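Multiple structures are listed underneath, in structure tokens.
In the two assemblies presented below, chain A is common to both, partnered first by chain B and then by chain C.
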Partner chain A sequence: MDDSAKRLLQRLVRRIPTQMLRDTLDKWERLTAKQREFVDFTQSKWTITQELLAVCEERELSVKHIAELEMIYVIGNPNQGMWHTFQLVDAEDDAHSLELVQFKEQFKSHLSELKRNVAVKIKKHTDEAVWIRIAWGDTFSRPNHLKATYVVHYLQTPFVFVSGLLSKHKPLLLQALTLSTRHQGIKDANLSGQKLTAIRDLLMRQYQHVFPTKYPSPLAERNRSVSSFVHLDPHIENEQAEASANRHRMAGEAFGNGMLPALQSAVYKLETKFRDLTNETMTERDKPLRCVVKFSSPNILESLRHCASTGIASTPVTPLLSSIPLKGRNYFVITDNAPSASSQMCQTQD
Partner chain B sequence: MEGVSTRGVLSHLSLLEDQASSRGSRVLQQPCRVKELKAKVEALTSQRDQLKAEIQTHKNLQKLRPSVDKRRVAGEEEDMDVDSESSELLRLMARHSELSDLLHAHHLIGGYDVIKTRQGKGMCFSLATAYEGIYLDTYNLEIDLKPKVRITRHNIPPFIPLNNLAEQSDLQTGLRAFLDTVSQHLNAFAGRKQQLQLVKEQHKSVEVMESNLLCSILVLMFTVPKEKTHMLCTLEYTNHTRCLPTRVHLESEDKRLPDAPQWKKNCSLLTEVPVHRALTAIRKSRDIV
Partner chain C sequence: MEGSYMSVAKTPHGSVVKRRSKSQIYQQSIRSCFSVASRLGLTPGQTKMRLNTSRKAPKSQNITDKVNPEHLALMIKTEWQLSYVTPLYQFRHTQLKSYARQLSAFIAAEKQQGLAVEVGAQQNTFKVSISVLEGLAETNDDPETVLIQVQSKPLFARQDDPQKTVWSGWLSCINSNPEYLRSLSKDFTCLPLFGCKGAEGFTSLVKDWLQRTFDCCFGLLEISQTSLQWLAALWTNCHMESNVQSLKMHWALPVVPPLHVTYTVSADDALDLWNSVRKNSPEKSKRADEEECVDIEEVTRFMQGLMSHFYRHFRVDLSAGDLTQVSTALGSAKRSGRIKISNSRYLINTLSLLTEIAFLKMPI
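Here is the complex of A and B:
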């Protein structure tokens, strides 16, 4: 086993919690059962590393195999690191009938044309996601497996999720993706987060939306969550029950019902002029006041929904907040020219 | 036994005594009670009159409805004894009730239904999907009507090319055509997805090698017991408005096997019949495990 393989294995053992390490090794299927039993997982990480190194040497495993192990771990635990979303635009006619085998071949060939010495591994997961691991090298150096980029794409959708990408590799990756998915362009989707599952669920609309409807859905049962806590005791009557129910309904329509995808931040970059009648010095300035507002929460969509349904945020929910699930983005630039944004700004300052 | 019956009789007698004494006190309450009852009678009478009037209007509407369809001349409505203004109103009401019933029927047969939102400036469509008599997911589309017809909100997954479909059938003039196309795509997708689910449930010996979110491609691996070999079956659903594949391709390690007459038959069966049912038939004929 060469140096890079050893270093990668050491890194992995340090990074992966012991219990998960055991499960990941099982899924990897590169070690025999006897070898897996040989490794004593109750020992310190250092000991485990030494034992694993020995066992991998026996099997003559190379850095490519260790890279496979890392990929299995990341696929099983995708909610780490920082994922950024890109959106493919202007699909060609045959984009919609793109097959996995075609995509794999094309991506590998396009990327290796653009950059020499890249190690690419593509794996299809059971939920139809195509995972790509790229270790970048160049004309003079071998692929660096310690800083691999991960890409997740669902065929026939316009979204690509990327993690661990350096800016110098960005144009190459984006071009390879655009060509191999048969599109003409790709742009930043302004949605990023630590939890891949959350941003994916948001864009795939995999949560419970609320729409005004005359008839309840044929499969839905009566949803009692809203009114139940109000009417548990028939002797207690809620003042302003109607207003409260309205707020709940509007909050539900803006954000959704039930469990919402766990987005963890929303960033608003303001490039608007300062407006405050009591502060003339600031208001006189011609240039916009640059300011960044960041909302953070373990689950920001549920927090915002709660704000709206309890009345902390005014309803109907302002487009500034409802755009997060509606447009599927959590980074916004607000300028004075945007009519809806600026009118909301005026309102909030009253 | 006697003790029980004596007790029963005694308690009954005391009950009667109580009733008699309370009836005495109730004599005083009678005028109030009478007033109450009279008020109730009045309320019920007025409710009855209201209901009678509604029934009458409905009857008139029923009479009017066939005439709205065939556009009969006003002269034929003389037997209802109404003047021209309210006849116009009645005609509109008839048309309105006819359309609501049509919408309700449309909803019952699994078509989409629509509700007005934002004080008439928008509409929300609910498209139900079903396959083989089972209701599957419902999708919704919220559409703004003014100043231009445009889609504001929806929960349709991104692999259904909604924007392309909206461009193809001009939203401003062909909203119904657009909705029909979307409903077709969604129902076909739901059907294909359901077929894949049934294949996984009912045919565990068949391995699903490849599929995708849109369920537009399916690659299955069969085990052929007689020749002790495997057969790879690729089903391509290039027409996304259909539940049946457009092309079925068979491949095997034994190159001559896909050309055998039995397999040619199976191949054409897979293009004509939903995949889970075709597999049941093929397995029954013992061609595959």
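Here is the complex of A and C:
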């Protein structure tokens, strides 16, 4: 085993919690049962590393195999690091009939044309996601497996999720993706976060969404739809019941009912003028008030929904906030001219 | 947001109205008896009961000629956890070396008592040094700031190995309340502001020793919403002289799960808003020093302006939550009592505000 393979293995053992390490090694299927038993997982990480190194040497495994191990771990634990989303635009006619084998070949060949010495691994996961691991090298150096980029793409959708990409490699990756998926361009989707599952669910609407209706519930059940502290005595009416029910309904319409994807932050860059009738001097000012607002929480969609239902956020919910689930993005630039955000286009040249 | 108003009860019975007005008179007389303090629920005491409603805008001060630059470097660009301290009994600035020896011995004894034998752990000896941080005092009444440092020396270190400071703290009093100081007996030294950083174990040991030796009391100094708003306004005001870069405010909204909002405004724009608030302020009388004096009303209107701009976009009422942190290039202040001063030019001003807060919090 060469140096890079050893270092990658050491890095992996340090990074992966011991219990998960055992499961990941089982899934990897590169070691025999006897070898897996040989490794004592109750020992310190250092001991485990030494034992694994010995066992991998026996099997004459190379860095490519260790990279596979890393990929299995990342696929099983995708909610780490920072994921950024891109959206493919202007599909060509044959984009819809793209098959996995075709995509794999095309992607590998396009990327190798653009950059020498890249190590690419493509794997199809059970949930229709295509995972790509790229270790970048260049004309003079071998691929660096310690800083691999991960790409997740769902064929037949225009969305691509990327993690661990350096800015110097970005144009190459985007070009290879665009060409191999038979599209004409790709743009930043302004959605990023630590939890891949959350941003994926948000984008692909894989959660319960409620559409606004005029008559939310049959009239007979009106009292029961209100929150739990309603008195059972029909002569006593809760004063705020209707207002509270309205707020809950509008909160649900804006953000959805039930479980919401665990998006953790949203950033708004505001460049709008200050307007307040009590402060004329400032209102007359020509320049915009530049500020940046960041919302963060273990689950901002739930927090915002709770804000709306408790009245901290006035209902109906402002489109600035409801755009997060509606448009599936969490980075916005708001200026006076265009209330919806501007996005960056990145066209590839053919 | 509006001032308080009295609701008028419209009842047909004349006698009921009379009774009500009697109770109002009764309440008013109670209030005048106990003064403002009773509204805050505090017993009247010697210290000022209310934070200043107006103060001088801080001006940049170059204190490098007054204070030792090494001492300055220790104080700034570090986050300190603040506490208030009641006056120290029989504390002498001349006895600092002796105090340092006593504290070292105390720490050594406590460590031996509490520590289980650890195999392979490094045995450290700790040395305490207590010194005076000269030059920070503003008035003649201010006692000099005292600096306490705990340094560790590994048991088998060589003579010339540099000692690592594992804990530092200071006791300070800047721009003190002269009435209060005069009311204390001569044996007491008033250093109400205590800042520390380092391991929690040392903090409690040092506090313990100070409490035992000087019969004083410590308490956590939380920086209230009002004080944080003052800092936001005053630091924005400083942008006229030194580049503050941006005004960053952290809010926490009480929802499930808790939502944190970080609202960062560019310093130029914040300053324009601040100046517009001051210009429109009706409280200004034509005094010579009107430029220098900042009123609480202006601070409130400044914050309201920022919150209304936020509301206009997000329709979220920030006042429903709490302001938890304010930071600029000049420093940062957290509600939990953590302060960081990044620019030595405003060190004295900030410490002066904090001293005032400490006086307010002290129970006696």
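Definition applied: the second predicted complex is superposed on the first by the 297 of 350 C-alpha atoms of A that agree within 3 Å, B and C clash if a C-alpha of one lies under 4 Å from a C-alpha of the other, contacts with A are read in each partner's own complex, and residues count from 1 in each chain.
Rule of thumb we're sticking to: a residue touches a chain if its C-beta (ideal position, glycine included) is under 8 Å from a C-beta of that chain, and two chains touch if they have at least 3 such contacts.
All of these numbers come straight from a predicted model, not from anything done at the bench.
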Which of chain B and chain C A:His306 touches, first, second, both or neither: second
Which superposed partner A:Tyr154 touches (first chain B, second chain C, both, neither): first
Which partner, chain B or chain C, touches more chain A residues: C
Chain B versus chain C as contact partner of A:Arg275, first or second or both or neither: second
Which of chain B and chain C A:Ala135 touches, first, second, both or neither: neither
Partner chain in contact with A:Leu174 - chain B first, chain C second, else both or neither: neither
Partner chain in contact with A:Leu25 - chain B first, chain C second, else both or neither: neither
Sites on chain B touched by chain A in the complex: 107, 113, 115, 117, 124, 126, 128, 135, 138, 140, 142, 153, 155-159, 161, 210-214, 216-217, 236, 238, 240
Residues on chain C engaged by chain A in the complex (per definition of touch): 253-266, 269, 272-273, 275-277, 279-280, 301, 305, 308-310, 312-317, 320-321
In the complex, chain A residues that touch chain B: 96-97, 99-100, 124, 128, 154-159, 203-205, 209, 211-215, 217-219, 326
For the chain A and chain C complex, residues of the former touching the latter: 268, 270, 272, 274-276, 279-282, 285, 287-300, 302-304, 306-307, 310, 312-314, 317-318, 320-321, 334
